[in-house]
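Shared chain: chain A. Partners: chain B in the first complex, chain C in the second.
So, the complex of A and B:
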């Protein structure tokens, strides 16, 4: 057993930068450039022959599990999914290479966003050693090339703070809303329906869904219903109807995910690990609607 | 701490249910073949983009979008000359003798009319790949879109091409900055383009001089390589032509990481 030095802070984080958060130009610029990082097409129809939508869900679920187990930053998973979708929108890929691709995307996203990134070796272990670290590194180059090294994609997380600070919520409620919204964002990233949505809409819809969901348990918001949607839509310049539709879709996906979870539990096939995971705060499944 | 525990302190982490192979065994040979194909695609794309054969390290024979001209290695900053790492020191290499045929007349390279030849040719070996491919990277988005306008056909499978383009439709037409692309700026591009691999030509000094009112790679690099006032000036030219808001905003967004790296 190695010694732990417990005097170190868990993760050193910069304080929120008012220059970034309280300047509307930042939000406007994010809104301007976000579309550039969307996948070019709905690739199941036009590019991929071997890969089916359920396979994307499988690899996405696996990636989310790995990210949670490794306690990655919240943005790593959605960012990795962005890379994956953009790559698949351009490069026909056999399904046997899909997990490798997922690992490469996590590898890149983790390097971009984390102080202690995931290692190639660890990711390979997570594929049950079906790929070798060398292959991961080689394909990293291919993914980078195909993405034109454009890695700093805008993700829904980039919008969360900008949205939250404009809401009239009491600040003690914000952290719970934030946490739930982050969970919704991860949930959206696993579902291909949302892959072509602009990140700002996913962020806005997730915050809306988080507030609505929490509203049922406790009073987190002075705003409800249409007033809330109107305000949210105004913040990110989203069409109200689109936003409503998006929020409803998020709620549907959440319900499906909950049902899936109960089914899994019903099977009694859950290992202890999985139950453990379900109790982590980032997991969607502990949100009670 | 939580994360340190997760990442570092327990290197032999217990296998969890997340350790699984999703789609069965991987055919490593097939994977490797696919890798070579993809790397060759990227390499051909780079060759087309820079009119430069990175494998043989010689400019393509024209007429292409870019015309490569030799410059003396002494005229470029040491930063762009070939170095070799010895222990903790980095030593400048003496200019290498130019390869045969790479003199005044264009070197033996596939004619630019059929740049696709490069595709079939020796795909970048994994070790050589990294040197070549990263090069265009810093060029990042803004310039990307410019290029789209000038080089319509070859990029169809590039995932970002359209969004980039459409997102930037308001950008100034390429051509404005040709004036700003001085030889020095162009040299920067050339060197940056070839990255470490610039070797012979750039070590002997390679500089691209704009010939056509093309995509203006120099525009982009020129902006960042120059001292602030000049950079501003070169920024203003295009900005004045169209899309006052978009271009500078994007430029600055993309600039930050580079500034830090340098």
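So, the complex of A and C:
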């Protein structure tokens, strides 16, 4: 016992499950059920009076920062955004409640996906103590009720492994492609444009954008251009033109966020240290379109 | 057994992510809105299941509720004192039945102790109704309420795909 090492990552991960990842029925089932978990409407037009699209972006950016700082699993943030969008599609909400809702959604997503979930206390500190843990717990029930307890939503991350294993990429390139695709998925979740897209399309577009982006620096793929898009579209039964449009939108969002990033850097509002802590922007910097 | 904690992931001092986004939050308004939304959920559940979850009494409607005695339930499902094992016991604890909200039609089997009428059974394709395989079988799941189970009287035609 004296030799117990405390530096080990306390999070234990299961090995990849061949029964889940190498069976096409799983992919087919995901494709069948994914639409059930999409928000019911474009809520800025038909439900919300107080909340504007830029406010969703603000709360999404904050949620992403919290998830990154707390080193949450990758799917926690997109899943939390799915809960938020589904709630807002049904309940008119004043903007002063928006951050509380964001915290509640992270709380739920973290509990569903992580072995060591975020605590209510910690999330309240991240709101600068503008809400109390008790309020977070009470609103947790409200959100659960409105989501009808359907928390196991399909996210783009569920498709990544299924897509990657069908690509003819050398396996040593896959981890880089996966990492970039995950960054794109997070980026998509911050942008309302993608909220109504099926997760499989976002996943497919993100993998496509990742390969195209990486291709410019090094040879990561034997397939490029139309051949790549055709193969990707076939894997997830996505329409080729929709997929191309989606991939282009992802690239535009990336460009915008890179510009935003350079502006922030120019302002000197972020120190280099801070930037290096955040894994996602670091990845984004590596991509050259 | 020591729970592994997320202490390694403490909030860095002066973290930029600690901020309020939309100004001061009105606790009073939060409380009012929370109560109103919860009341809506309760009402929805009441209509959906013709059961008053606050007083735990059956109402007139599609479901026939019957009191069940001595099911041999695991203690976990019985109303008890403060549930310290679940999140520190600070949570307000309404009726466990309330927490079910309004389950969707296809979740019926999961949330009710009920007897399904034979012709409402969903048969898996390829096994067309071998008599006696599942008809009249009681499916027990006891979180809906601790003291009642229901018989399903009517067939709902509004099943979602």
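What to note about this one:
Rule of thumb we're sticking to: the second predicted complex is superposed on the first by the 261 of 289 C-alpha atoms of A that agree within 3 Å, B and C clash if a C-alpha of one lies under 4 Å from a C-alpha of the other, contacts with A are read in each partner's own complex, and residues count from 1 in each chain.
Following the convention adopted for this analysis, contacts are C-beta pairs under 8 Å (C-beta built on N, C-alpha and C of every residue); 3 or more make two chains touch, one makes a residue touch a chain.
Just so we're clear, the structure is a prediction, and the values are computed from it rather than from any experiment.
Aligning the two structures on chain A places chain B and chain C in a clash. After overlaying the two complexes on the shared chain, residue contacts for A:69 are found with chain B and with chain C alike. By the touch criterion defined above, A:174 lies against neither chain B nor chain C after alignment on the C-alpha atoms of chain A. Of the two partner chains placed by the overlay, chain B and chain C both lie in contact with A:125.
In the superposed model, A:87 makes contact with chain B only, not with chain C. Within the superposed three-chain model, A:40 lies in touch with chain B and out of touch with chain C [touch as defined at top]. In the superposition on chain A, A:133 makes contact with chain C only, while chain B stays out of contact range. With both structures placed on the common chain, the touch criterion links A:32 to chain B but leaves chain C unconnected. Once chain A of one complex is fitted onto chain A of the other, the partner contacts of A:145 extend to both chain B and chain C. Using the contact criterion defined above for the overlaid structures, shared-chain residue A:258 touches neither chain B nor chain C, since it reaches no partner.
Measured by the number of chain A residues touched, the leading partner among chain B and chain C is B.
After superposition on chain A, the stretch of chain B whose C-alpha atoms clash with chain C is 170-178, while the remaining options among 98-106, 152-160 or 170-178 stay clear. The contact surfaces that chain B and chain C form on chain A in the two complexes overlap at residues 10-11, 55, 58-59, 62, 65-66, 69-71, 91, 94-100, 116, 118, 122, 125-128, 130-132, 135, 138-139, 141-142, 144-146, 148-150, 274. Here chain A touches chain C in the complex through residues 10-11, 55, 58-59, 62, 65-66, 69-71, 91, 94-100, 115-116, 118-119, 122, 125-128, 130-135, 137-139, 141-142, 144-146, 148-150, 274, 277, going by the rule given at the top. Chain C meets chain A in the complex at residues 4-6, 8-9, 11-12, 15-27, 29-31, 33-34, 37-38, 41, 87, 90-92, 94, 99-104. Within the complex, the chain B residues that touch chain A are 1-10, 13, 15-28, 30-32, 34-35, 38-39, 42, 45, 126, 129-130, 133-134, 136-138, 140-141, 144, 157-164, 166-168, 245-246, 249-250, 253, 257. Put simply, chain A touches chain B in their complex at residues 2, 4, 6, 8-11, 29, 32-33, 35-40, 55, 58-59, 62, 65-66, 69-71, 86-87, 89-91, 94-100, 116, 118, 122, 125-128, 130-132, 135, 138-139, 141-142, 144-150, 152, 271, 273-274.
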